[in-house]
Amino acid sequence: MNKLQVGIIGASGYGGAELVRLLLNHPDVEVCAISSHQYTGQPISALYPGFQNCTDLVFIEQEQVIEKSDLIFVALPSGLSEPIAKACIEQGKKIIDLGADFRLASSTEYEKWYGKPFGDPQLHALSVYGQSELHHDQIKEAKIIGNPGCYPTSIELGCYPAIVAGWVDTDHIILDSKSGTTGAGKKLTENTHFPRTNEAFAPYKVGCHRHTPEIEMMLSEMAKKPVKVTFVPHLLPINRGIVSTIYLPLKTDVDLETIHQTYQEAYQNDPFVRVLDLSKVADLKFVTYSNYCDISLHMDSHTHTLIVVSCIDNMIKGAAGQAIQNMNIMYDFERMHGLTTIAPSF
Amino acid sequence: MNKLQVGIIGASGYGGAELVRLLLNHPDVEVCAISSHQYTGQPISALYPGFQNCTDLVFIEQEQVIEKSDLIFVALPSGLSEPIAKACIEQGKKIIDLGADFRLASSTEYEKWYGKPFGDPQLHALSVYGQSELHHDQIKEAKIIGNPGCYPTSIELGCYPAIVAGWVDTDHIILDSKSGTTGAGKKLTENTHFPRTNEAFAPYKVGCHRHTPEIEMMLSEMAKKPVKVTFVPHLLPINRGIVSTIYLPLKTDVDLETIHQTYQEAYQNDPFVRVLDLSKVADLKFVTYSNYCDISLHMDSHTHTLIVVSCIDNMIKGAAGQAIQNMNIMYDFERMHGLTTIAPSF
Amino acid sequence: MNKLQVGIIGASGYGGAELVRLLLNHPDVEVCAISSHQYTGQPISALYPGFQNCTDLVFIEQEQVIEKSDLIFVALPSGLSEPIAKACIEQGKKIIDLGADFRLASSTEYEKWYGKPFGDPQLHALSVYGQSELHHDQIKEAKIIGNPGCYPTSIELGCYPAIVAGWVDTDHIILDSKSGTTGAGKKLTENTHFPRTNEAFAPYKVGCHRHTPEIEMMLSEMAKKPVKVTFVPHLLPINRGIVSTIYLPLKTDVDLETIHQTYQEAYQNDPFVRVLDLSKVADLKFVTYSNYCDISLHMDSHTHTLIVVSCIDNMIKGAAGQAIQNMNIMYDFERMHGLTTIAPSF
Amino acid sequence: MNKLQVGIIGASGYGGAELVRLLLNHPDVEVCAISSHQYTGQPISALYPGFQNCTDLVFIEQEQVIEKSDLIFVALPSGLSEPIAKACIEQGKKIIDLGADFRLASSTEYEKWYGKPFGDPQLHALSVYGQSELHHDQIKEAKIIGNPGCYPTSIELGCYPAIVAGWVDTDHIILDSKSGTTGAGKKLTENTHFPRTNEAFAPYKVGCHRHTPEIEMMLSEMAKKPVKVTFVPHLLPINRGIVSTIYLPLKTDVDLETIHQTYQEAYQNDPFVRVLDLSKVADLKFVTYSNYCDISLHMDSHTHTLIVVSCIDNMIKGAAGQAIQNMNIMYDFERMHGLTTIAPSF
């Protein structure tokens, strides 16, 4: 069988490099081309020496990547994907964008958070928000995928069954998320300078993070009415992983066992979402370096609040892994292909 | 001037050892005696080699500690302090208890969380909850201090001005706290085994931590009505510090500038509480190894929620440091004495 | 094709669990049985939740593991493998022992470091020291493999070409190694208690670590004369990886370019050993979670000392990965099978 | 008593800021002025928020710092201190330079490692290498102190008694040092980017670090003959501290007890150097945040090599603390003043 030819635009950043790392072990694809604006001409192993002996891939121009590939992954900063998507569509190719450009349905919302409206609304009409578990059927048919953000992934999976069931007082949802430093990317910043970050901890962009509209879009879809949330991300002094502690005040009288059963049923066909047994607590340790999302459920009965803990690896289930999961759906590959790594646990 | 003779019961644990470390640099006291059930007869420097050349103190029996000291600090597991307090009072001595035994006002609440009622209610009538900033005047006169818990300290200071002002919808307070591993103490546990804890993150005792009644007691005192909270602690893979992210939905129309001014005024005479300028975010980095509590204020205006970030060093402001602060109040020492260390920042 | 049936004895410890984790993704084998003395009857996913949805394996008795398997991996503390090896041989099965019992050729040396002589010397006559790159041909035919220790693996690969070439003054070899905490295993100890270990660093077993005779055995084999070394291991406050800084004083006049070329040639057919370009420095970051050994070469010309830096993941190339590499050799499987993971780099 | 007026030039960097932090708690001095080229006009608390409520110091011009101060600490990159020293001397002031400009006695050596010869050799004639324990008497009289480097401090203290005693084969000294990331300073670099550095480990400047000539200068002074060393520094993924593992092959037959006794006697009047009991191992944990240097001694009798482990806090004993220790000597202050902090141990 001929393997699918895939290319990665923006493969020198963390998201793109993680895609290369995972795709090199995917049995159904061949990584045929990668690009990097800054490092054109260099092998990826010069930038990330872990690739030595594993691949000879060299960064080339992004136009060539499009040309050589059947499917193009884009891992660029927000705001740069529209023209690439356009070129892909014109050449009959598919695209999975790991940035924010195709996540939001509303140009108005996009403009509010990213400073400009959609440049080409017709492209957006072709795109699907690629939440692998929740939008499976649309992803199957899509030509452009807006791959979900890392925080939204953990939160949407954690909220879905409870909100759809109608149990939640959606006026008081609090989302307290914590992310490892790879979420901040490869660029040097004060906030990722080792002596500053190590043995430190703090929130950032308190109540004003750009993932808020994406989360609200999806929670509103679940609730079938507009939902607003309070969302606060924090920076963990570790490399990888997101834990979202989700506070869902309940408006109906439902017990934890029922909730637990509903969650298990909701995800019974989704191997990457693991609803833990009651009394267990989801922990980053058991998801990092894997594509799993672990969810644990807890009831604070004295305030009648459902507390959901949702953990993922931000670079995998929160980025490159979910992108591959979406590719597997689009091309009808085995759904575990490329995603079989088990979290190390130690 | 004769120095105050102070003793520490339970000085082999983290809380007790931190007291010794700080008190050895307090100009008004002499650490005259320390005890440890397990290590009697050994020098503290055998257990913590950092004390070499700094002190010759040897662990002795706790009865001797009481006898030799004017003021006794107790740093034992909960449930062991009543008889010690009784002996201290009978011998005309004062006691600051770092455990939970004298924190709660209600024997019923205590029994609910600790499994037995107060053994000697009269002792509790003599005791004061030692929140240094909020109970300053009672502390001055007290013979028994129940030193606050680490999580409650960060939360109470973070909530106080807003709740007293009457702005908060006290039915939906969410408290999401994160603590370093020293909070778990010196005892070996699965959850503090390095390969398990490092590069991991998770909540624990979700919605059922023993500090909940202490927090509710104090928030109810502020609100002048019963307040229930949802409180979730998490374990940070670092040594020290607590960050509490406090979600206070507002029921009145008040702007962030007014709130900020109110917080600044509330703590203007409290050097250890620093209300940061608006737009700054409190960060553990700038409080660890010091007795400061840093508070930053943030408004999520689209959900009308005040978000307070409150940071302390759990071993200092959350335990040994606040105990010393209370001693300084009780004995009219300079309030900075023993507590002048500035957070290292790197 | 029927897959090779493999079993793991001692699969609840770190070495055994890592074997399970990697072998579950090996295309040529089926993990048919695992045992744990302490956890018999429990699923491995109860102990390491990362295995949920990935395997239903339950710990059974070790006798059953032997019975069900064609090849048995043993990951037990030293001193327990002889009777297991005996049973395997009697039942016509092969065994790869990750402990120390079959590493040393000399019963006298073994007794000196482990407190008892070989129990069954005939078994040892059947065994091969499984340094995958250096003993490839003997491994192919072996029935019992003594899988190398983690420190020796990094050191032997780092020393081999230089010592064989005869350049090294073998009377003054200094080996300064640093290991992550997983090397200490799953058992709780003071030295792996998070607040004690984090932000700390120190050597241990200075000049008297049990891996010394194993290293000397192999370096003597290379030098064709007895070699003694000074070996000091240190505990790094990280999870994984070993860096050995190897000081080889040179007795002949050879330049770094020649040395480099010799190293590259020595390992040109060994994909898991990467001799870095001159001017590069080997770093744990690019080997952890993979089976690679990265080696960089440096000359201190003013003391005429060759400095070799050799990095591996202690749990993979230093234990479970090399065991799989040996299995691949023994059964003529593709040599990358089960070992394709690329180090994450971030 | 009038307090000594001290100023710090370069107080925005880590070394300078640590000086401010420690000096603010020194009873005999007043920090009257600080400068920073980059941050002139800003309060130090804007840069390091831990200083809030502790000092109102604002960065001013360096000329003003010299003018206002009796003693000037300089914490600038190497190559900038000569003109400052000149101005200080001309104005009758003293200077302690934390950079490398006044450490080396030989202009030739300086040029070899720093690219230019001494600009003003007469200034160097006035300067003293400020190893507090070993050069106590010269420091007392000095006007210009070249404060030792961090690595050299740990190594010189670790080597001194053995080399002076004449036991060491000085042709084969190996120095394997490991430093926390604060040693790399405040400047953002690839090597201190959190996701790159965390859970990584590697040497750097292998065999060619600029501290080599400083170490050789001092070891030659001890040996009374030229000594060359092989020195390899490594970057530890922690904030603070240096561990030097020092390999001293012995040329004479001396037992460990004798060596230990000699070390204890050598440092019996130096409270900041703690020679640990035999069988103990020096560990960073018990020196960080303090001015102590812990030394443990070990014998590898099968290679007849003395192994010395020497630990310090690189920012304190390795920089700001030793500078204060030198000031205390110069001005006859109590030698513990400003340096009483005990290492936290957890």
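Read from first to last, the chains carry the letters A, B, C and D; within each, the first residue is number 1.
Here is the rule we go by: contacts are C-beta pairs under 8 Å (C-beta built on N, C-alpha and C of every residue); 3 or more make two chains touch, one makes a residue touch a chain.
Please read all numbers here as calculations on a predicted model, not as lab measurements.
A.B. asks: Can you list every chain in contact with both chain A and chain D?
C.D. replies: Common contact partners of chain A and chain D, which must touch each of the two, are B, C.
A.B. asks: If you tally the C-beta contacts for B-C and for A-C, which one comes out higher?
C.D. replies: Higher C-beta contact count between the two pairs: A-C.
A.B. asks: Farthest from chain A by Cα centre, which chain is it? Let me know.
C.D. replies: Chain centre farthest from chain A's centre: D.
A.B. asks: So the centre of each chain is just the mean of its C-alpha atoms; given that, what is the distance between chain A and chain C in Å?
C.D. replies: Roughly 36 Å, centre to centre.
A.B. asks: Provide the C-alpha centroid distance between chain C and chain D, rounded to the nearest whole angstrom.
C.D. replies: Chain C and chain D have C-alpha centres separated by 39 Å.
A.B. asks: Find the geometric centre of each of chain B and chain C from their Cα atoms only, then give the gap between the two centres in Å, rounded to an integer.
C.D. replies: Inter-chain centre distance comes to 47 Å.
A.B. asks: Could you tell me which residues belong to chain B and also touch two or more other chains?
C.D. replies: 14, 182, 186, 195, 198-199, 237-240, 283, 285, 346
A.B. asks: Touching chain B in the complex: which residues of chain C?
C.D. replies: Where chain C meets chain B, its residues are 14, 180-182, 184, 186, 188-190, 192-195, 197-199, 237-239.
A.B. asks: If we count contacts the way the header does, which residues on chain A are in touch with chain B in the complex?
C.D. replies: Residues 172, 174, 176, 178, 195-196, 198-204, 206-208, 228-230, 232, 234, 236-241, 243, 245, 247, 249, 281-285, 288, 296, 298-303, 305, 307, 309, 311, 346.
A.B. asks: Could you pull out which chain A residues touch chain C in their complex?
C.D. replies: It comes out as residues 14, 17-18, 21, 24-25, 48-54, 182, 186, 199, 239, 271-272, 274, 276, 280, 283, 285-287, 289-290, 292, 294, 315, 340-346.
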